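The structure's right below; bear with me while I get my questions together.
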Amino acid sequence: MPRLPFQGIFSRPFRRRFLRAVAAVGLLNLFSASVFAQVPATRVEPEGQVVIGVAQEPTRFHPLQRRTEVDDAVHLNVFSTLWSLSPEGNLVPDLAVEVPSVENGGISADGLEWRIKLRPDVTWHDGAPFTAEDVKFTIETLANPSYPSPSRHGHELVRDIEVVSPTEVRWRLERPFAPYLAILAWAGIAPQHILAGVTDPADPSFNNSPVGTGPFRFGERRPGDHVSLVANDKYHGQGPFLKQAVLKYIPDQIGLKTQFITGAVDAVLIPGIAPDLAKEVERAPGVKVHYSPNQFVEIIALNTQLPQFQDPAVREALYLALDKNTVFNEIYPTGTKRPTESFLPEQSWAYKKDLPEHRFDLGAARALLDKAGWKPGADGIREKDGTRLAFSISTIAGDHLREQFQQLLQQDWRSIGVDLSIKNAPSAALWGDFWRKSQFDSIIVGLIVPIASDPDPSNRFGSWAIQARGGTGLNTFQYDNPEVDRLLREGVGTFDRERRKQIYFEIQDIVRRDLPYLPLVQGRSIEGTKNGLVGYQPNLGYRVNAWNLRDWRWEK
Amino acid sequence: MVRRFGARLIQSVILLWIVSIVGFSLLYLTPGGPLAMFAETPGMTQEDVERLERQLGLDQPAPIQYLRWAGGLVVGDWGRSYRDDSPVLEVIGSRIGQTFKLMLAATAVAMSVGLATGILGAVRQYGRFDRVTTILTMIALSIPTFWFGLLVIYVFSQRLGWIPPGNAAPVGDDSWLSALHHLIGPALVLGLLSTAVWSRYMRSAVLETLAQDYIRTARAKGVLRSRLLFHHVLRNALLPMITLIGLELPSLFGGALVTETVFTWPGMGRLFFDSISYRDYPVILGMLIFSAILVISSNLIADTLYGVADPRLRRR
Amino acid sequence: MTTPLLDVSDLTVRFSQDRGKVYAVNGVSYSLARGETLAVVGESGSGKSAHVLAMPGLLGTGRYTGAGAAVEVGGSAVFAGKELIGMPEAELRRLRGSRIGFVFQDPMSSLNPVLTVGEQIAEAITSHGVSPRTAEARALDLLDIVGIPEPRRRARHFPHQFSGGMRQRAMIAIGIACEPALLIADEPTTALDVLVQAQIIDLMKDLRRQLGMAMIWITHDMGVVASIADTVQVMYGGRIMERGPVRAVFHDTRSAYTWGLLNSLPDAEMHAPSLAGRRPRLRQIPGQPPDMTQVPVGDPFAPRNRFATHRCLSETPPLQQVADGAPGHLVAAWYDLPQVLRAVAHRDASPQALTEMGT
Amino acid sequence: MSVESFPAASAAPARANTTVFHRFLRRRMAAVGLALVVLLVLACALGPFLLRHDPLTINMRGRFLLPFSDGHVLGTDEMGRDLLARILDAGRYSLLIGILAMSISVFVGGFVGIVAGFYRGILGHGLMRFVDGMLCFPSIFLLLTLAALTSPGVVTTTIIIGLTAWMSVARLVHSSVQELCQREFIAAARALGLRDWRIMIGELLPNVAAPLCVAATLIVARAILLESYVSYLGYGIQPPVASWGNMLQKAQQYFNSAPWLAILPGLMITIAVAGFNAIGDGLRDALNPRGRPG
């Protein structure tokens, strides 16, 4: 399952505050908790190292180019952003002296003029001073359509960016865009003095020895093996306490687990420990297992334009015949996943708690299909008007728990007269046109529905977001409900949080009834640290819990 | 000799050309692409994906892409990895050392154990040792490498704790002792198959040599048994083994791929799997070409060496 | 009466293979005087090579057999007062090459392709306790003795750089390197063309005279026998059929088998090169060679013998002095060949017709 | 005058009519191999009919049962399915894929080899250079690249394995055919005006059948191994279809808690592959008694 940028900026407290402020000011908020983190601390001599096992290899360290979640583990520690996200969801100033707001004058009342004050005492790892030029260069490059930046979302609105002084930069937004504050919390600032002269964006030299302002300097990369980060003794904030942090690449989850238990690695992060092995790891001496909620909601997406799925009775019957209990007691052991009925993570302010709860009732499912006119054929498979109730289910080949789940489904659904076949593929084949252009029948997938800091699911449920019909967006269910379309439009058109909440509650009700997908669970990352290692703190604002290596240290 | 070498060289170049076409078509014809994995990236729009595709040159027609790539091959520019923009040759270069180390260690195991058992088995043909090794080599030839690797890890690492469960070395520990310690498991596993192959080839080569008239001549001269074995039998029986090195290389290379996966070894095998799952076409292609060059040149070298080593083929 | 150089009595050789036992040599007895040249004649599988090679342990009794066969040798063979059968391999090794020399049939395959000719000759000497330096010098002398020009240059050559005749000369040099008392020559001229054959035979005659050694010359070529041997011994089915002075055996033939051999002359038409290869097709004695996997009973040649009696089939004839023949002329036959032939001649049987009748 | 050319006294004339099969059975390894394979094929073919348990029936309340518990002779797997039933069912696929992939390689390789050997010239040369080119890739490399880039399944896996193993067959057949074409009977067939394809099928094919048989047996062994590699790496047979390779892949997750789940399929692969290898070796020796031993 792809875990990609901007997944985690919407933890509940942050969002709540953000929208409260939006409601109050009418546009942008001032963070009540914009505490200054730069309280000078007595510097502690860094010592020791920590080896963090990850099952993907960090390869891209250029802050202005596309990257995967595991790359973030390097980015977040080598580069600094103007402000960052705390686990509670607050924006905390980093390179900026303060988070700009209407109240502190950083943002004009109409939300268009931004003025950022920067810290004067920051130096790049190579010793050069950090200045406003770096910020200007970063934003301009990200917005440049001919530069291979991962996304221009937000940055493309920036106009007239101007360096007022080495410690102050200002710009104008083309239109008010609240999410930009959060987007900037993800944008590592790149060194203008090094990169301005590089004409070929594919020149790998910076990628291979990145220079940032973060708590760690880039040590070395041993391709296929590890990346090491070395304490930056001139870091402008607190820490780091570790002399060295190593991201050790161990290509499979089983190897990762084995090496964690045998002590070869001190922590396991991406993708963590397989749910069915969590108990085994917990039994191992000297380690702690953390169950940290993440933003993923796992669903069975249905391609609602297939003749089988156009009948809502079929979708409901399939959901009734889904043995969630067995799935969550046997395949995913208790505590490793949380059953859900919504597409939003429970931490979201728009999450609706009291959606109708799923029940497992094969009899009801059969009755429903009988009533809807799906009659069992000679082979026991139901059919109606020449359409057999037969379809395939896909997921990433090799995800053993989902495969077990599929096989269980196959057996359960067969008993209500559904012929389910399994058709899995490697991720690269799965996430291309097969997924985007709705070429699947049904697919098990972990989704992050909201975009940036907003629960708005237009991209998933709006009828204009169906790529198979030429739209732009990821409504791969091909879900088309005029009522939902209307609500979605209304939801983005208002700043009234209470009103929006009602709208999204309503959408969750409709979607729960229509079932363009069968909701399963909200995910948890099962991660581990050795006893004595402190500083691990899950942060829903980032997609990797190694966001704060500067705080990690070994207990004395 | 020189002319023969030259002719072989030209043949090799033609082979490489065929290999490059086969490899390229293989990748071009398959669905999905290097940017597929960004499909589920919120905030990355379809426009962003198309823009990146254009920048990677993936929107060009196949013949253009091939010519551009093949032209680069000739001048030593094998393209850039999609994953970190490093030149493909550099990417391969950064991994090949680990794989060679593993292959070398495995070959050392295979040659010492394989040759010794092959010779002993042949010298005492149908003896107890010969019977046991014949059965063992048959099993070694038939056992799936990865399964054997899993067993080795389970028994010797997890149960007995004698060897590490994987990796080339612990982070920050570059001592040769630790490197050697980590090498034992994978080298044994990778070496097993080759050991069996070497043993069988050596056994039949020795048997064939022993049946030669000149061995009888040597015995008729009253040559000492040790001299007979080392001077007459082995000198002749080892000659064809030179070509075996070349013949064994592809399977050794392939075996390294599997062994590296089991032992989380940071070599070419891992690079290959990562490149495949990330659809890093330039690297996949580069590795295909690289392995083909390796195979072709090792055969060329083995043939040449054989020509030098065997006086019948030598020309003065 | 002086003691013979080699005294063979009741020698048996059996191979056991995975297909069963092969009775290769079945009770062979004879003796060889010093300086005597014995020619052993017979077709392949007659046991002529097997019995000779078995004595010095060259038939796979050593460690490195190469073949999938185990060999049992029985009986006795006393060489210069020492029993060879059952002698430890280490002792046999010391004898081979020093007291007993060998020359084999195909000089190409009998010489090690990866060692120089000089090395291979010198090795025959160093293996018997001579220093490498001396051996090297001696090797050059030997090359000169066997008639190879430019010994110093030639010694550094590999066998494939020699012509067939020169290779066999080198092989002979190896055989005589330590001036053995006995030289065993196993069909040394078979693989050579006619002109070279004659040269090699001459060379060996010379050497025999110079070194005063005894020779066992295994061959199937009656012409060679006549030119070099003192005594001839005809073997079939692992037994001696007839034995005696060359003149006696040739002119007073007593065994039907010997008679068959002598009369199977190639005629002109058959000298034409055949498709099969280099050797001319020859007239054959009709019938199948004996099945060597059975325990031999009776006269082994009896099944192919026109003149065989019932007795020949059931009872093995002993090797006995020919009653009215030359001294030392022995034959193993129940029938009296001259008498039989006379009877047949009456019915105007040409030798050719006679052999054809055998079918 | 010479007696050399008298009919050679063969050591075993009485057994001259020994059949290939007898020679084959006399090799102990080959006989054992044949017995193993026959046993395995019978067990996999008939076993599932005789067992009480269905290889696909899931019982989430009876997972990871130890061998000999609850009527499950070998216990149950991670989905509570009977392991014995599953191993035998997987064997059907593994063996079937091995044999079908072999058929593909033998067919393609035989065809290319005969055509290339018969038509020297550009066609033959071109084909053989292509074969050389394909042989330059380590087979696992080629296999995985193909497997990873297509959608996995029984059919694709079989085809892919078949397509990566035919080159050695082509080489073998090519060299035999070239040799045969020198012989008189081919020239005679040509002189008689037989059509090319009749010469190829009627004259050449029967004459390369023996080495082809040996190669085929050894390729079955190789194909079974390759299938297990590909499935083990997750690119081959997909659940719920079981093959020994993918059973192993699924089981390695539980190597610590339920090692027998991984040990048994691996053992089956080893036995099957060794069986076919032994048969191939035995056949080669039996068909070519003067060939190299071992």
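We call the chains A, B, C and D, going by the order they appear; numbering starts again at 1 in every chain.
Methods note: a residue touches a chain if its C-beta (ideal position, glycine included) is under 8 Å from a C-beta of that chain, and two chains touch if they have at least 3 such contacts.
Computed from a prediction, not measured in an experiment: that's the story for all the values here.
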Chain closest to the middle, measuring from C-alpha centroids that were averaged per chain: B
Most widely separated chain from subunit B, with each centre as the mean of CA atoms: C
Interface with more contacting C-beta pairs, comparing A-B to B-C: A-B
Approximate Å spacing (C-alpha centroids) for the pair subunit A, subunit B: 40
Whole-Å gap between the CA centroids of subunit B and subunit C: 53
Subunit A and subunit D, separation of their C-alpha mean positions in angstrom: 47
Length of the line joining the C-alpha centres of subunit B and subunit D, rounded to whole Å: 23
For subunit C, residues that touch 2 or more chains besides their own: 68
Touching two or more other chains - residues of subunit A: 426, 429
In subunit B, residues with contacts to at least two other chains: 31-32, 125, 158, 207, 261, 273, 276-277
Partner subunit C, residues of subunit B touching it in the complex: 123, 125-126, 207, 210-225, 227-229, 231-233, 235-236, 239, 310-312
Contact set on subunit C toward subunit B in their complex: 56, 58, 62-68, 89, 93-98, 101-102, 104, 106, 109-115, 120, 123-124, 127-128, 158, 160, 171, 174, 177
Complex interface listing, subunit D residues touching subunit A: 56-58, 60-61, 63, 78-79, 148-149, 151-153, 234-235, 238-240, 249-250, 252-253, 255-257
Subunit D-touching residues of subunit B, taken from the complex the two chains share: 14-15, 18-19, 22-23, 26-27, 30-32, 121-122, 125, 134-135, 138-139, 141-147, 150-151, 154, 158, 200, 203-204, 207-208, 250-251, 253-255, 257-258, 261, 272-273, 276-277, 284, 287-288, 291-292, 295-296
Residue ranges of subunit A in contact with subunit D within the complex: 254, 274, 276-277, 280, 326, 330-331, 397-398, 400, 403-404, 406-408, 410-411, 422-426, 429
